[in-house]
Each structure stands twice: as structure tokens, then as C-alpha cells.
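Reading through the C-alpha cells given below for one structure.
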């Protein structure tokens, strides 16, 4: 490895670790990152931790409050709430963890391209992006899900597609900001190839924005996923899922509140964790997201 | 026995708390007293604490700063112990501020009239019904044209100079006894700056206000101040009368600072002051200037000098001020410029034939709305009719105020902007035997040799160096692209280039954000020279830098030029800087060339009336020289559709001929060319008389 | 300025037209049509063909699009697939109810958000700021159905203060929805407040650090006068557009809230229509929602233009 290559790697690496330590040094970032990691570890290990089979019904414990066997009680079908809560985030995490990078990559790619190309194509495509954004997410998603079913192979591409569209806008704006700077003109004037300029000058500067954007998209995707489950359009029973569990247990809230509270706490802690991390990441990278609309 | 001072600052130290909890001082033991009617200049480079000191006089500190020690008194008030209400009564009343950037210091959402009336409401006993009348009076006093109309305008509707005048009027509203001016003319065009300074001088004379004038510009200070205090790293290092400080500076820093200012009268480059000032709060135990001082000795590093009082009544913070005479003899004068004689034999490297550039960008919707609402406009070219032949090894300066199109021309030569008309011929061979070829107008169409041969250096290195690349990566780009260097060869070449711009190999793995402004610009220069270019386009390369750093960069550019025989096109708004480096100078107004010739000829009579205006407005750091203001300082937004470009502001306007016909070029002595309807002989008598 | 607004108006109209094309194409591309949905299992052979002929589904797509779009522009949204009722009639009350919900939430949320945003911005990093800023993150990130469920549990199950479900029929007058509407309004207002608060806070902080605020302070303008005369007009200007976008974005959340509270609005109708595969109704609702979105943004643009002197006047008057 040559001397200069060494520098390149060390600078990228030291920057990343610098950003990470900045995130962790903020209380909100530390808490957020802890929550996210906790949930990921839980999702990976929960099948080996759960005390009961999530499908197992026990009529004698139906809607019972917390007991010594069922620490968080049982639901209306007599299934263990603790086990179902521990398992309830796996599907959501898996789907969104795959869909988020796809959304950011395709949206980012198109956005950067439009930002660079400009002109008529850009104007026309941005109108289409605007048009898509003017439809509520739930309508767009539901139409596809109702038609094609609720399997993972429908949910992942659907989420990735619709959540990539706002990324186009963000990436395009970020591209415009960077392209206006002199170091891009300098690279152009030197006569580098377009692709080299994009890869070496533009991307590293746009990636910060996309990273923060990705973290935010992840939390909104989780929100969408669990909302769909809640409405009955997400995962199909008996697979445990927090949204679905809340929907099921709502009817029995007055005498078995733990059945609602457990998945509420689980889902909220994950989403808040992601948001706190995203917020601190944005601060560490010097990006102000607060002044942007959530589209 | 002198009367009681108006502003009295004693032993003031101000600092901020660093992340580690330590207090880092930005002002150290500063004394300042200003008497009625006195005008004091605070001079220093960025980070010297001069603005902090001026704001502290108003009892104001920027967020994060705190008083460590000392008192600030205005009349009988101790400013840092006053209640908020009392403070509000003093500020803007008896003690008023004129801010650096009025464009950003006037509230964008309220009208000029409203903002001035507010000041009257707060600080004058006038009845509310008379406010408007008084505001109009104030606006007239600062010589704003059509004050009634200005009253109703928003800040963004005024030009920079007008905004500054409005800010002055606002400060006058409270009939202050003391005025603090925080770089009030920085960022303005030279003619506007000169006009504002004249206005301030007259106001001071008329009203008897005391003034504290903060600036990095010794020329401005020389014009308005009786006494000058030089600040360095948060300390006052020299205090004396303006002529003492500017003519015989007895502190090594002040001495170096003055030597680093390019002057119109100098035949040589300004002398660089090496090194950089300590980071705020980072000054060690000894003298803060020790590391950059030519007179440094052991005692300087160990012991912080006290402020000595000299027999002449000056105050100086230096152990060796009595040895100041040694400075002149020890420091060698910088290299004299290249000989112009050899140049006339050289072959042209670049020929611009009728270059014309137009900014235009239209989208789908503009098209549509233009068709629907008929808003089609005739576009006058931003830059037009540029004919220029540049010889190999020559340095051609382009001067003009903002909007003169000088940077646009450079961008077009670099292939970043495609011209609307005209051709550019470029000769790669140095012998003149190869025929010059047409230079493709866009960079994408240029061949490898052309790309390498022409390099562009930008104004602001913060913007022209990718913040995510290390210096090694930045330098590797031209080296790999043009010479295919990799591995050890690349490393070695990078190090040798860095050394040529006097930066060590240890800079290679730093990021631009870890460098000072001057160091960054050196990297940008190194990147351009790495291509071993024939022609370097310099776009205001020293404008973002402090004076002492500017001198070092100019010296570096000059040195590299001699070493490599490189040709420069050097763009700047600063006439003295252009003169310091250029063999020939072209003067531009609104994208049209007015005058072209050898520097000496352009900087003496006869001149194009615009050049005359520009030269008249130059402020020299000499209390005995006064600017000659021969035209007003209107800002024009676009060139006239026909006739002479300068017709609307010209002090020597003939009549309709100027509006109707573009003047022909008149040839003077040597290669001196002037584009004016007035015959040269007549021009020279007119200008000599003035 | 008029020119600028006409430009925005044109953009808005173009967006609505493109949306209508997307909606129409989207529905076209889906397997099945109005007749397969209406006839369900009997959708085959002669019966299906007759139905398609009746509804004119055999004609080319662009003809049907034009007919639909022109009809929609005139207020005729077609007829629903099941029930054969005029969609305009079906949608009317529902749209009104949804707007009632949104308006109530806006009236409560926007002033609250602005006040809290200014307070947290002025006292940044103090305890007030920490409390509200952290709460805002909670409020804006937790899904609407979660906060709704928690509020129902608190206020209607345990405390029994407010009804947790809306039982009023869709065509009742607005006053009948009180107090049932309160909980859904609170949930919606919470999310809205959180988003706008963060935006206003950040904008206030930025403005308070600007040169003109420093200048106003050094001119001797009393603190609160500085805040109200100099800071807020500038801090709230950029907020207008973000508020509009936020409101428009929340339209998706309204759907969930309506389902949770059984509120007879457009959102619940949409969910029902999607479940029933009543495509004409889905099309109509989508078009209405998109138009509302565009109108909200246009209003914001207009307000910004009126309030911002930079947009109101030319850059430099000669």
C-alpha cells in the first residue's frame, strides 16, 4: 500500500470514529445508540430467550395480568405477552433494515443524478416527485399491499420505493449545495472525468446528509410498518408484531392493560432510540434537520 | 491636565472557557481611554481581539465570552455592572455602534424609516410626530439620495454603500458622544469606501464626536484617526499618534505589518511577515510576537514585556523597541519585478479576440411563463468586446470593482463558462514556432495538454479545497491526472511541492480545516503548480487573507513565477496588489475594458476617467495623503445597452457622444491604450490640473 | 410578486395534473377493475362483459382518463363501484369531518408550537428547553396509534374523562362531535406541535445569533422589543412553508387516527374503500387529498410572499 493511500484510509477511518465518539459523547446520542443496539441484539437472540412459544395458547391464563409463570400476563388467546413482545420487533427490524438502505441508495442515486444533470429532465422528474409526495404514504402503500399481499417480498420493495422518493429531493438539494462550491469547479477545470468528480469530490460531501437521512427514514419506515400492522395490513397472525399486538390488545385495555403497555414500550423505545441517534448524528455532522419539513 | 475620558477601559481581560474548562484569554490587560472629540484607531489582523474590545466598550460580549478582570467605564457608568435597563439607555444613545456589515445588521423585515424611528423613540426627547422629519434629516445628513424614498425602503433594496450610510444615520439618531466603528468599510468597493470615510471625517468634525475606529485597513485608519493602537494576540502592542505609528513604528509587529501592505508608490513587492499569530487563548508566557519577530532574544520567550512609555509619548510592548532601527537593515527587500524588456520579445501564449460572455439560464417554466406573460428580456452581455494578448512569462493584472466581470473572464478561460462570442487562441509551445490553436471553450472539450497548461486558483481556499480530502489527496489529484504518478513517486513529488510553498511533509495527512487561511491558500497554489502549468489564472487569491499573510502569498507567487517562467492573469479589486505583481494591467468596468498598458503607465496620467476615479479613491497608509474623489459611488447593476460603459458615472463626460458611441481605443506611449472619447492630450491636462 | 405567485400556481396545477395521471395509471396497472371488485366471485363471462360495457371500461385509457379528469375538475367524481352512489355525495361529509379534525388540531397545535418553539429557542440549553425539546422528540416519533392508545388508556379507561371512541354518524353537524373529537385532536395536535416546535426553535436560535439582533441590542432596544420586532418576524417567515409541508405530511397520520378513534372522516373511508377494492372511491379520495396538499402549500407560498419584503419588492429599485 502506498503512502498516500494509507492517508486516505486513515483519514476516512479517523473521521468515522470521530463522528461516532461525538455521537456517544452526547447524552441523547449515548442513550439512543444504546437503545438501538439493545433492540438489535434482542432481535437476534430473542428466539433463544423466550420462555414460551409465541403460538402456544393457554385458555386458563387468557387475559390474565402478570403472574409468576407469565410475567407480563397473557393475551386474549392466552398467549404469553412477554414472549410475544420479545419477538415482536424482529419482522419490523428485518424488513426496515433491508428497505432503508435500498431506499437511501436508489433515492440518493437518482437525486444526485438529477442534481447534476439539471435542465428539463430534472424539472419534469421533480414534478413527478412532488406529485408522489402529495399523496399520503398510507394510501400509496395500502393500494400496493392490498393488491399484492403482505409478504416480506411485497413490503420491502414497497417501503423501499416510496421512502426513496423523498430522499431524491434531499439528495438533489445536497448535490446542488456541493456543486456550487469552488472545489467542484476546480476539479472540473483540471479536467477530471465526470465520474471521478462525482465519486471523489461530490459523494463524500453528500454522504453525510444521506447518512442522517437514512437514520431518519429508518424510524419513519418503522412507524409506517407498525402502523400498517396495526391497521391489519402488515404481518399476518399469528406472527408476533408490536403493531398487531397493540391492535389486538386494545379491546381489552380496561382489564389487561399490560398487554398494550408492553408492546407500546418496546416499539416506542426502538423508534425513540433511532431518532435520538439520528439527531445526535446530525449534530455531530453539522447538519440541521430541524428546519426541514419531514417529507 | 486633560479632562476626564469618555470611555475608560482599565486592565481588561476577556476570555472563553475551553472544552477542558480552562479559561482562554482573547483580550489581555487592555487599557483604552478615549476623550471627547478624539478619534482612535484600533488596528490588528483577524483574531487580534480588536472587535471584541470595541464591543466590550459597549458592555457587550459575544456568546461564550466572559470578563476575567478589569473595568469598562463610559462616562460614570461601569458598563459590565449596569442593569439591563440602564445599559439599554446608554447603548445607541450616547454611545453608538456602526457595524461591519450593514447588509446583515439591519433587520431585513422592517423598513429603514421604521428602524431609524425606533432609534429616535429610544434615545431622543423628540415628540413622535417629529420623528419622520428628523429621520429624513438624518438620511440627508449622511447624503443618501432621495431620503423620502429611502425611508420607505427595506434594507435589501439598498446597495452596500447605501446600507452603510443608513447604519450611520441610525447611529447618529441618538446624538452620540462616542461612536464605535467596527470595520465600517470592509467589503465595500474602493470608491464607496473612500466616500464613506470622507463622510465620517466630516461628521466627526461637525459634531465633535469621539470615535473608536476598528479596522485591519491602515489606509482607512490613516484617514480618520488621531491616535492608533495596534493590537496583536489580544494585547495592545503599540500606541501613538497616527503619524508616529504609521511613519516610524517602533514595535516589530507594527513595523512588519506596515511593510507588508502593498502601496501604489512601491516599486517592489510588499515584505512578508512570516509565521502566523497564536490561536486565541494560546499565547505563552513570553512575548506573543516572539515566534515571528526578527529582534527576538531569550528574554522575549521567557518574559512578557510591559507596556513601556517612550519619551515621545508612545506606548510600546516590546523588550527591544530601542533596537527597531535594526529592522530595516537586517531585513532584505523582496525581489524586484521581472524585466518588462525581455517580455516584449516573448511570444503570445494567449490571445483573446472579442470575448463576450452572457449569463443566462432558462428552464421549462421560464419558457412557459415568458410565453404566457411576455417577460422576455434582451440580454446585454456581462462581459463584452475583450481583446487581449498575453505573452509568455508575463503577468497581466485585471482590476475593477465588483461587477466588473473580471472573475467571469477567468472562469471562461478556465473553461467553466462558455463565451457567447469571440475566440481564444492558446500556444502550447514556448518557442513561438508552433502555431497558436483555438482553445476549446468548454473544459470538457479540451485535450490533456491544454488542461494541464491552464490552472485556476480561487479566491477562497475554504471553498476551493474539498473539506473531506487530506492535503495528500488534494495534491495527488493533478499529479495522478497529468503525470500518472502513484506510490512513492507521488509521495516524493507531493513533498517537494509542499516544500516549495514552505509547508512541511507533515502537512500531508492533515485536512484543510486543520490549516490556517494562509496555509490553505498555499496548498491551493501548490495544487495549481503541481500541474506544471504554462498559465495560471489567479482569482482574487489574496482577498480572503490578512495583510501580512497576503504579502507572503504574493512573494510566493512571484518567486514561483521566476523559477518556472509561468504566465499569470491576476485578478483583484485591490489596485496596489495588482501593481505589486503585474507587468501589464487592464482596467475593467461593467465587463468592458477601459484601459490597458504597462503597470507604470496605467497607474499614472493620462488615465481613463474610470481609472482616475479608482486611483483617486485608493487610501494609502499615510496620514498626509488624501484621496481625490472625482465621481460619486453609485452602484450600477448592468452595463448600458450602447455607448461607453462608464457613461453614467463619468466625471469627464462629454455629452451625448458618450451615450451613443462606444469610444475607439487611443494609443499612448508604449503599449498604453485608453478607450475614451476625450483625446489623450486633453485628458492629461485635465487630470494634471485636478 | 404577482408573477412569482402565478408561477407557483402554475406549478401547483401541474402537480395536481401529474397526480391525477399517477392515480389513474396506478389504478389501471393494478390487476382487476371496478367490475371485478363489484361482481366479486361472479366476475366472469357475460356478466363481467356487460358490466364493463355499462361502465365504458372497454374504451381506450386516455379517453377514460380525460372523462374522469374533466368530471373531477367540475366536481363530479364518478360513482362508487359498490352501491352505485355518487362519490361526491359520499365524500362530502367525510371531507368536512376530516377538515374539522385537522382545523381543530391546527388551531390548538400551531400557536402552542410557536410559543413553545420561541421559549425553547430563547432559553436554549436551559431546563425548559431540555424538557420541551425532549418531549418533542417523543411526540414526533412515536406512531400516532401508539400515542392514541396510551391516551385512551389514560383518559378514557382509567380516568374516564373523555370518550375514547367516536360514535357520532358521519352526516352530523360539527357541534355533535364534541367532546368525542377531543382525544383525536389532542393526538394530532401533539405530533404537529412537536414538528413545528423543533423548526421554530432552530430558526429562533439562528436568528438570535444574527448580526441584526446584535445590532438591535447595541442600539439599546429593550430585550422583549428585540425579540418581538426584530427576531420573530424573521424567525417565523421560514416557518410558514415548513408548517405547511408538515401539515400536509400529517395527512397520512390522520388516516390512522381516524381508524383508532372510529372517526367518520375521509381517512377511514379510504381504508374501507381500499379493503373493499372500491377503486373509483380510492381514486377520488387520492385526488382530493393531493389537491388539499397542493392548496395548503400554495397558501403557505402566498403567505410567505405577503410577509417577506424580499419577495414583495424588487431586489433593487432604480
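In order of appearance the chains are A, B and C, and numbering begins at 1 in each one.
In this section, contacts are C-beta pairs under 8 Å (C-beta built on N, C-alpha and C of every residue); 3 or more make two chains touch, one makes a residue touch a chain.
Keep in mind the model is a prediction, meaning the values are calculated, not measured.
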Comparing chain centres built from Cα atoms against the global Cα centre, which chain wins on proximity?
B
Report the chain whose CA-based centre is farthest from the CA-based centre of chain C.
B
Averaged-CA centre spacing for the pair chain C and chain A, given as whole angstrom
23
What whole-Å value do you get for the distance between chain A and chain B if each is reduced to the mean of its CA atoms?
49
Just the number, please: Cα centre separation of chain B and chain C in whole Å.
51
Shared-contact residues (touching 2 or more other chains) in chain C:
11
For chain B, which residues are shared contacts with two or more other chains?
365
The positions of chain A in contact with two or more other chains are none
Could you pull out which chain C residues touch chain A in their complex?
11, 14-16, 18-19, 22-23, 26-27, 30-32, 134, 137-138, 140-146, 149-150, 152-153, 157, 195, 198-199, 201-203, 206, 238, 241-242, 244-246, 248-249, 251-252, 254-256, 259, 267, 270-271, 274-275, 277, 282, 285-286, 289-290, 293-294
Residue ranges of chain A touching chain C (in the complex, touch as defined):
28, 127-128, 130-139, 142-143, 146-147, 219, 223, 226-227, 230-231, 243, 246-247, 250, 253-254, 257, 260-261, 264, 267-268, 271-272, 274-276, 279, 288, 290-295
Note: in the complex, chain B contacts chain C through residues 55, 58, 60, 63, 84-85, 87-93, 96-97, 99-101, 104-111, 118-119, 122-123, 153-154, 156-159, 167, 170, 174, 365, 368-369, 373, 375, 637
What residues of chain A sit close enough to touch chain B in their complex?
2-4, 7-8, 10-11, 15, 119-120, 123-124, 181-183, 185-192, 200-201, 204-205
Any idea which chain B residues touch chain A in the complex?
363-365, 411, 414-416, 443, 446, 448, 451-452, 454-456, 458-460, 463-470, 472-473, 476-478, 481, 486-488, 490-491, 494, 508-509, 511, 527, 531
